[in-house]
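Read from first to last, the chains carry the letters A, B, C, D, E and F; within each, the first residue is number 1.
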Amino acid sequence: MTPPAISRYPVPALAELPEDIRARILAVQEKAGFIPNVFITLAHRPAEFRAFFAYHDALMEKESGLSKAEREMIVVATSGANDCLYCIVAHGAILRIYAKNPLVADQVAVNHRKADITPRQRAMLDFAMKVAVDSPSITDLDFAALAAHGFSAEDAWDIGAIAAFFALSNRMANLIAMRPNEEFFLMGRVPRVK
Amino acid sequence: MTPPAISRYPVPALAELPEDIRARILAVQEKAGFIPNVFITLAHRPAEFRAFFAYHDALMEKESGLSKAEREMIVVATSGANDCLYCIVAHGAILRIYAKNPLVADQVAVNHRKADITPRQRAMLDFAMKVAVDSPSITDLDFAALAAHGFSAEDAWDIGAIAAFFALSNRMANLIAMRPNEEFFLMGRVPRVK
Amino acid sequence: MTPPAISRYPVPALAELPEDIRARILAVQEKAGFIPNVFITLAHRPAEFRAFFAYHDALMEKESGLSKAEREMIVVATSGANDCLYCIVAHGAILRIYAKNPLVADQVAVNHRKADITPRQRAMLDFAMKVAVDSPSITDLDFAALAAHGFSAEDAWDIGAIAAFFALSNRMANLIAMRPNEEFFLMGRVPRVK
Amino acid sequence: MTPPAISRYPVPALAELPEDIRARILAVQEKAGFIPNVFITLAHRPAEFRAFFAYHDALMEKESGLSKAEREMIVVATSGANDCLYCIVAHGAILRIYAKNPLVADQVAVNHRKADITPRQRAMLDFAMKVAVDSPSITDLDFAALAAHGFSAEDAWDIGAIAAFFALSNRMANLIAMRPNEEFFLMGRVPRVK
Amino acid sequence: MTPPAISRYPVPALAELPEDIRARILAVQEKAGFIPNVFITLAHRPAEFRAFFAYHDALMEKESGLSKAEREMIVVATSGANDCLYCIVAHGAILRIYAKNPLVADQVAVNHRKADITPRQRAMLDFAMKVAVDSPSITDLDFAALAAHGFSAEDAWDIGAIAAFFALSNRMANLIAMRPNEEFFLMGRVPRVK
Amino acid sequence: MTPPAISRYPVPALAELPEDIRARILAVQEKAGFIPNVFITLAHRPAEFRAFFAYHDALMEKESGLSKAEREMIVVATSGANDCLYCIVAHGAILRIYAKNPLVADQVAVNHRKADITPRQRAMLDFAMKVAVDSPSITDLDFAALAAHGFSAEDAWDIGAIAAFFALSNRMANLIAMRPNEEFFLMGRVPRVK
């Protein structure tokens, strides 16, 4: 049986990709054990690929007042609001692993108000959701609400920029009908047995 | 009188910027006669700046089945849907210049259904607007509607990716309260006198 | 080349109009230097024309706690919410002139929360926008919010009635596909040279 | 017990009103047996009163391809969409009387798709509802859908203009919290006994 | 003339119904003087009929901190939000009778914020409307707002459960195009003459 | 550490429940290996509990033109639209088991248009979603679209009634903040090893 398509667009073979992109993909494969489809499907457009992952890394790999789990929470919550299957499933897996919590990704994807998170994280997600779905309404009051939970202005930029970047990412995934790898559905749900 | 702030965040001095970013900004200034605020305000975060403009250029400067004016139409129409003042005003100016048409930017920003554009451009903007505001609903029918106007699958990627990139851009501009330069408001409205 | 239609409906010749309507239109032409399309397109229905402009004048020409520029702000902001190209462009021009400000019309049309206006004007537009898009939710609290900025109950009527009148006007313009005169796009954007 | 207020604003005494307005109100009272509150509450502003009823009459009293009952259907359906109690109750009463049908007003106010009306009336209300709630989306297709049911372009103007006028009327009633007269609730519900 | 259908589905004859269902329907007919269509149309599915009315009675007939009129207010207000003609008309009639008030049902169906009800009832309906149209957003603050008006946690369950049950009921009525009996339109509008 | 609350309301002890309810719960526990929280939290109200599960069984356990997996698809898709964590997680688990498919529940909860389902199932979910979120707009055309895929009128009732019942269920779960059992998150995701 033909496996289901992972994109509406042609998916390049590794061998035909520019060296830097192939290297990046092989490094991810090495680490994850498989190639997440976002890499191989977006590689259809090398220049956009490079900018996409440079942007991703600038937000998700940097030093920040937000933990890596918190950043993934923002991705999962806003991708839930945008009905993006790829991002909910793939980043949900990463969130489960970073947070060492098998439940929080599904909670946050559906309704962050009821998730097992701290009040500070609740405020962080309120801000992120506003950037994701109603950015013209953001005012100084929203920054003040973050500050009341100890977030700096730079933290606010981080929160908003992650929500903004995944506004792009969610739309690209919906545009090309990007399919999540099956591996993601189960990752982080079961404690690893030694 | 203090001029109004152009960002909620500190705006870097050119002298303190990394060399590549300063060079990019000076080149823009050379060409435009002023520094568009999107450059100097986003330079507050150099790594994000580099990715942002690399992404922008990968979409807006490349060879494409869409003319440059058509790409700017997508920016202006989707930024209108997202109530993003900076992008409507700045890209509206660029659209007027590329299209050599002083009216089309305001038309497209408010309601692309009534703009002085071709049926093909109308179909292009219908698709772009769906990516901008309802991407989960995109199906093969939307690609077929584009194809009926002669757009290839790669053109569809271009249209969708521009809408997706400005989903990010609009949210960043609203997040930091980016202010359009005054120069943009008038650009392309008056025929240049020789 | 045929100029684009300014209405979906027949546009009457001045000579065939009832005397009072022709006189009104000639007076406007005398003052503005051209006939704004709202006059000549709505003249297709003389009785409605008379009521429309009587209503308009009762609100926009009267003595009021609101300046003429403030009244035009209400028109532009609510027409932005209703995606009415004619009213945004034509009243945007009038607003620029009354306010002696080439930027405020575009600002208010897109997002009044970020416009260069006073807190009092921001409260005025918050109230107007609620009348325009969610009038069943208006309660005494909304009147109290106005009063806190010094608006009287009669001012509140003025604000709400202007928003209500342009709810009609925007729908008529969208119904007949009323096209803004080209003159409006540029008016008030450039300082007049003596 | 004090009767409930019929407006947030002062309600003028008949004696203090300008002669033409008092005459109009007395004529209505003569005919209806009571003064509908829309007359006496809007009389707080004589100039607006005159324009409002001139506009109303220009649309609702004229010769038209629409029957008077059909015009009231448009009022009731669009006022339902705008949650305007006064207009639903008062014009619902008038609709029941004109249509000699005690059920149709409640049907149309809640969901015109299920009302006991003809397919032609259903098409008329589809158009009116689009003018009321989504006028920027109106295209030639909407006029064609009307034409398929025998409506002329002038009929389309009538339908759209009534929806537009009650967009104003609904907002004014919600603004001033206009209260329907108790008489309206029962009118046209019971067959008159000779 | 054929009377209009009261359901998209076949309507069973009383004689062919299971004994318990026939008995229930006859009892209602005895009391009301006619068979409300909700009974005979839902009897098309006996097992669902039994569960539906058991649920209804568990909420609407029980001892409660809410009066019967208040419970009907919740039905009418939330059915108004769901555009359900059957429930607005039938429960509007019951509300008029329980409340001995010929006006309150129409008021509450259109806009509970302007109805002649107490502040406590206003808070009750605010909560019910949130359950009806935006239940994921309910937080402890909503329960606190009820408590401030003296509602216990069990009262909050009653309010929410009635809103939830009529979310089902409204959808069933819209699904099968359930038609309200003509009797309901007039019930409770005229004082009974002895 | 205290385990997180599974309801905003008191959760009864099995021993204090009425015999029939305790028996039902013990039977479920016997089958599932644990007590799903929907049973023990709703048991706070015995009469409502009985009606709720009678309704559930009447729809979900009956003979039907829809398979059990298809019925669970309806639950998961509409609960996704209603942001109901409990129903997405618990019925997602059941769907995975019935469909013997570890991926389909997450797919359907986020966006049924992209799920690995048949065109017939896609039509089924289109209908169910319309009942869930826009039931007043249902017309004969929606029934015709189902019939084109071989669904009978009785199948349409089943689809619509399940969507309607979970409109209730989702609102109750959101009202009481019902927490999904941890067991559900993993059920059906891993092939059982013999």
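What we mean here is this: a contact is a pair of C-beta atoms (placed from the backbone, for glycine too) under 8 Å apart; a residue touches a chain by one contact, two chains touch by 3 or more.
Keep in mind it's a predicted model, so treat the numbers as computed, not measured.
Participant: What angle, rounded to the nearest 5°, describes the rotation that places the Cα atoms of chain A on chain D?
Facilitator: The best-fit rotation has an angle of 180 degrees.
Participant: Which chain pair shares more contacting C-beta pairs: E-F, or B-C?
Facilitator: The comparison resolves to E-F.
Participant: Cα centroid separation between chain A and chain C, in whole Å?
Facilitator: The computed centroid separation for chain A versus chain C comes out at 44 Å.
Participant: Using mean CA coordinates as chain centres, what's the chain A-chain B distance in Å?
Facilitator: 24
Participant: Among the residues of chain F, pick out those that touch two or more other chains and give their numbers.
Facilitator: 83-84, 110-111, 136
Participant: Chain touch graph shape: choose line, ring, star, complete or other and state it.
Facilitator: Topology of touching chains reads as other, fitting no named class.
Participant: Please list each pair of chains that are touching.
Facilitator: Touch list across chains, by label: A-B, A-C, A-E, A-F, B-C, B-D, B-F, C-D, C-E, D-E, D-F, E-F.
Participant: Would you mind writing out the residues of chain A in touch with chain E in their complex?
Facilitator: Per the stated touch rule, the residues are 110-111, 113.
Participant: Quick check on the complex: what are the chain E residues that touch chain A?
Facilitator: Residue positions touching the partner: 136-137, 139.
Participant: What residues of chain C sit close enough to touch chain D in their complex?
Facilitator: 8-9, 44-45, 47-48, 50-52, 54-55, 57-59, 62, 82-84, 131-132, 135-136, 138, 143, 153, 157, 160-161, 163-165, 167-172, 174-176
Participant: For chain B, which residues count as touching chain C in their complex?
Facilitator: Listed in rising order, the residues are 4, 80, 83-85, 88-89, 102-103, 106-107, 110-111, 114, 116, 177, 182, 185-186, 189-190.
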